[in-house]
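Take this structure, written in structure tokens, and hold onto it; I'll ask about it next.
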Amino acid sequence: MAERTARFVRDVVVPVEREIVVDGRRMDDALRLELVAAAKDAGVFGPLSPVEYGGFGLDFRGQAHVLIAAGASLVGPLALHCWAPDDGNIHLLADATTPAQRERYLAPLAAGEVRSSIAMTEPAPGTGSDPSMLRTLATRVPGGWSITGAKHLITGADGAAFTICVARTDAGPTMFLVDADNPGMRVVRRMPTLDFTSAPGGHCEVAFDDCRVDDDAVLGEVGLGLEYAQARLAPSRLTFCMNWLGLAVRAHVLAAEHVLGRHSFGAPIAEHGMAQALVADNEIDLAAARALVHATAATLDLQGATSSAARHDAAIAKTFVSEAVWRVLDRAVQLFGGLGVCEDHLVARFLVEARAFRIYEGPSEVLRASVARRVFRRLG
Amino acid sequence: MAERTARFVRDVVVPVEREIVVDGRRMDDALRLELVAAAKDAGVFGPLSPVEYGGFGLDFRGQAHVLIAAGASLVGPLALHCWAPDDGNIHLLADATTPAQRERYLAPLAAGEVRSSIAMTEPAPGTGSDPSMLRTLATRVPGGWSITGAKHLITGADGAAFTICVARTDAGPTMFLVDADNPGMRVVRRMPTLDFTSAPGGHCEVAFDDCRVDDDAVLGEVGLGLEYAQARLAPSRLTFCMNWLGLAVRAHVLAAEHVLGRHSFGAPIAEHGMAQALVADNEIDLAAARALVHATAATLDLQGATSSAARHDAAIAKTFVSEAVWRVLDRAVQLFGGLGVCEDHLVARFLVEARAFRIYEGPSEVLRASVARRVFRRLG
Amino acid sequence: MAERTARFVRDVVVPVEREIVVDGRRMDDALRLELVAAAKDAGVFGPLSPVEYGGFGLDFRGQAHVLIAAGASLVGPLALHCWAPDDGNIHLLADATTPAQRERYLAPLAAGEVRSSIAMTEPAPGTGSDPSMLRTLATRVPGGWSITGAKHLITGADGAAFTICVARTDAGPTMFLVDADNPGMRVVRRMPTLDFTSAPGGHCEVAFDDCRVDDDAVLGEVGLGLEYAQARLAPSRLTFCMNWLGLAVRAHVLAAEHVLGRHSFGAPIAEHGMAQALVADNEIDLAAARALVHATAATLDLQGATSSAARHDAAIAKTFVSEAVWRVLDRAVQLFGGLGVCEDHLVARFLVEARAFRIYEGPSEVLRASVARRVFRRLG
Amino acid sequence: MAERTARFVRDVVVPVEREIVVDGRRMDDALRLELVAAAKDAGVFGPLSPVEYGGFGLDFRGQAHVLIAAGASLVGPLALHCWAPDDGNIHLLADATTPAQRERYLAPLAAGEVRSSIAMTEPAPGTGSDPSMLRTLATRVPGGWSITGAKHLITGADGAAFTICVARTDAGPTMFLVDADNPGMRVVRRMPTLDFTSAPGGHCEVAFDDCRVDDDAVLGEVGLGLEYAQARLAPSRLTFCMNWLGLAVRAHVLAAEHVLGRHSFGAPIAEHGMAQALVADNEIDLAAARALVHATAATLDLQGATSSAARHDAAIAKTFVSEAVWRVLDRAVQLFGGLGVCEDHLVARFLVEARAFRIYEGPSEVLRASVARRVFRRLG
């Protein structure tokens, strides 16, 4: 399936990617659905969607091969529907919901018919990396809840069929399923972020203002919102690693191919030591990242995605891979020389889009702190 | 004057910058002229323009203070008219032209009334970093020359009043002054580069097709084009260092201010060791870059801008400062967290615009090779 | 067996290591034989020695676990006899020798009764990283060969039972088995290298002066010396990665344990962000290195140790792991503060001994060039 | 005087250094006095000793040139007597002592006749980087004080004529001048640190056990010990930067000269891109470090060595220069290839000796925290 995916990305997705990056075609939901349909035709849709909802339900080791192949294009993961936040939301909905919720929310989501979002992050002094700072409040009202609070950097909120809102209750943080047409929820604006290619719904400011939901809107149990968020993290981080690693592999190849056949200072650039160093460092970073991704996938499969080992290894993988991907893309730009900052050659766009990867789902600094704490705990 | 510049940038330029980055105002020539007029009003226009053309004609040590202050905004150097390629072209025209050429080209350029460009770089297999690969050809025709060739990545070509075209002749590479309305020169397109804020004329593909110029269009002497290009390099590289250093200083301050007053994990972020490391590394990089810029300015002043020492020191400064600026901007983004990739806070835009600085006027790899060769020559 | 090895190293080897590093006990052959005997008693001797000679004959994936455990002490690999150059020589002798040679040389070597060396590297202008520069000459004499040339940096030559000398013949580079008592071979001196703990025979200058050997001293076929050297490389590089990775893991644990329980500036050092960053970076580097080592071991097992994939992957692993180990040891020193440069705590000694790992068996620069060439070849 | 110093180091000091590093000559006080005498003969002794005690009393900008020249050899600063801890102790004694103390302690010290030490650092849980953790106690006894406590990592204690002991009193931390023959002070042992070449008195454990001193042993005022220690810091850090920068310059030249004339893979190594990158990075790091050292010297001269600006800039310089020196020495080793880890070529020894520079007088992590705090304070 990885090979099929690679072919699909090369033949179907990459031409669309070029239209978006070079010709300014807009990445919107119509285009997303077109790509999803093509992925279904090609038999590669849904590597992580459950089998009962039309996906492949691959384990993490299986996903690794497919998602790296899908990641070769900025929009490949959208086509296969293995991209944030839907990937994590599919895991979450499959694990923690009632049959009715699964029917209503998971079925169309897993099938790629709709998109979703998850509203956790808040403007200061609300929660960013530290979940204990959650301020959005859900209070009891007859037959349900009223949610009020401000969220921002909510990926995909604009156009999502539903949003999973995390809010404080007396019993602790709780997740609520909020339909897009709920009048109490409003997408205030798309924030002007660096990346736009791969987020058809942008990264949004979302306001909840006395947003009323029924009791059956609670996802899982009241008060367990952070546990669900935690459970979502390791898979979600690993998915990102796979997707972005695929993009870095592509950039590496694009850059090396660009260099081949070019000359300067009387020799092929491929014979210049400093160009070789850039290419070799890319190859080395990618090999280490790939080995780490596969090893982490094995941990998630064998010890469970919510195990302490999984959380530790996924935090390590996210930190290493996000930084390695950044280095690889940066070197790819450098290998293109002046053309490297020209979006014609895509690597410029790749670099810009990738910057957020070192921040979202845990900035490197927060992940390093958590990794160190686990090391000390293990020894202490 | 540095303080006056700092005030001008803060009060006049920064609000415009925000309109451009956040509100999408276009950086075009009307806006550039508006900024130039404001700079003249504020008494800060033209730090490097000759005194006889209305500038301050500062030496490099003097420029350092002013240009770092100007660089605090992406469009500050445009307002003061100390930005590429005009800065280098002013030096070049002041040094190597006839009185008539100075009157016709330098006077309006130094006064900021017009912009200029210099057309050196060519698509492969033409010249990039290696000037010996120059392919654009200038051949003798009665009373002048016919120039034919393709150029690309020509900064500011679109809208420039004139372009200095570097072309091969039988006597060697030669520079020609080509007016914008010359029918043999055509701006093919603006290339879709990452930076747009600070280049009102874009980075362009330019075609010369039997482009006829008179004998008096020759800049300096026939056959000395590379010598002039070389002479232009050290000042031009140092100007960039000053401007970009100013921007990095600003990003550092923006990021540190952003962190102040914020909390996470039960403590002010300013007390988190990893945030302190980012801030300290920025402060350290900036201190080293600043010291190097001032030391290099002294070399250019005391040993001459075309001396071997000047070329060596400017290559060192360009390599170090461009990489230090990149690190500082990248850390500033990281300190902003999720908001760091959102253009609201400017540092995201700064990072993207700065990527080219490690490539143009000599990619780091080419500069390192030249630095090492000089080290070996000194010892050999 | 990895667990057995870990216990053996902890209980038996580490106390000896402390005597060597802290108390100045000399690492000589008597001590080496003592350690070997202890390893045999503990049932951990010979992970890579062939089964018929008393070893375990583990494949590379199996070796990875055991050799990382053995590497936890500087002298662990000597005890298990999986240390350079004997590890590579065992591979070489097992693959390319006659039964008689195996009996005479491999049997006692694989059993750890004797040590060996391989004499390839020469003083300039002889061969260093570039095998084509080999200058030591072997010429035909009746019934055998006469070898003349100078070698240096020959690990373990002093006290080795035999040395494999690589010399040029008319038919190409050739390997010769030279007994220690051959009067034509002389250990000129032990070179004053930084590492001494783990090399009982030092790194020596060796002179061959009309050194006479019989025809049956030829290892394998005349003219195939470089092929054998090449074949030896991937396993040898990977063995180093395993051993040194084990040492880095130990240093990481020593440093984290040292930090635990200490305070400064009003908080446990383990809560200081910059200490956490050092610990986390060690954990991350080690995880990536371990994943890469296991993945490379799989390549060697599945595609053959002399396959092009094995050579590529081993070159990548050697480059990454040698640099990661260096970073980890350096951070471990830093975590110990002032005590970090004091050999009482071992990490200072580990750092010093490890410096050569980024150079021998291919300096990082030479490996990067070969990695890049293979990338270009694959694409070209 | 810088040129005279450079000549002196080259002609007189470097041969001695080779005897120490390569031939094992011991760096003891007899040798130190021999070198001091030679420096006096050469007219270069005492760049920072006060003029009235036979030194040159240079300001920091003047010192920069001379101390960089002196640092070209590991033992050059000992010869010129501008090496820790005597450099800082001379500053301290010149500023904060009574005339009688100056006569008794400063006069012979400034003249290089004796060595001194300063006993601040203590084993855990005593003070390391955090001065508030000082545990050594000085209590009032009739006519004087009794000091009790344990110190370690006390540079030069063995053989020092006197030691400045920092101890807690009721009135706060206080400095005491303790003569070497005081029976209450005992050098327990020289600690087995990595560096030995440049510390004739080692780094020692020192025990104070009811160590009696008279009232006139108090250095400056009771309770101001930390203020004096603070005042000593900026000059002391900057001196280190100068000395070590000189060594890194020498290693850079040694490595580049080694490479010149050597070949591999069919070309001079000096033409290999990756070797050029190492050489260029050294040249760049050294240029930045040098510019920063001179700029910091100017701050100390113009704003005072105890000003907040001086402390900030010296902390920045120490952090940057100690890390740059380490990188330069490490690259120099790499450029020597296998010979780089062989002490014959000195750079191996330089690297090992330099490791402590990133730790003593403030580890990089502690300095970064203080730099960041000052940045936040400036803005807050």
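As written, the chains take the letters A, B, C and D, and residue 1 is the first residue of each chain.
Keep this in mind: a contact is a pair of C-beta atoms (placed from the backbone, for glycine too) under 8 Å apart; a residue touches a chain by one contact, two chains touch by 3 or more.
Just so it is clear, the structure is predicted and the values come from calculations on it, not from any experiment.
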{"item": "C-D, B-D or B-C - pair sharing over half of the A-C contact pairs", "value": "B-D"}
{"item": "Which of A-D and A-B has more C-beta contact pairs", "value": "A-B"}
{"item": "Approximate Å spacing (C-alpha centroids) for the pair subunit A, subunit B", "value": "37"}
{"item": "Whole-Å separation of chain centres (CA-atom averages), subunit B against subunit D", "value": "42"}
{"item": "Whole-Å gap between the CA centroids of subunit A and subunit D", "value": "51"}
{"item": "Interface hub residues of subunit A, defined as touching at least two other chains", "value": "272-277, 365, 368-369"}
{"item": "Complex contacts: residues of subunit C adjacent to subunit A", "value": "253, 256-257, 259-260, 270, 273, 275-277, 279-281, 283-284, 287-292, 294-295, 313, 316-317, 319-320, 365, 367-369, 371-373, 375-376, 379-380"}
{"item": "Subunit D - residues contacting subunit A, complex", "value": "272-277"}
{"item": "Residue ranges of subunit B touching subunit A (in the complex, touch as defined)", "value": "22, 121, 124-125, 128-130, 132-133, 152-153, 191-195, 203, 262-266, 272, 274-275, 278, 333-334, 337-344, 348, 351-352, 355-356, 358-360, 363-365, 368-369"}
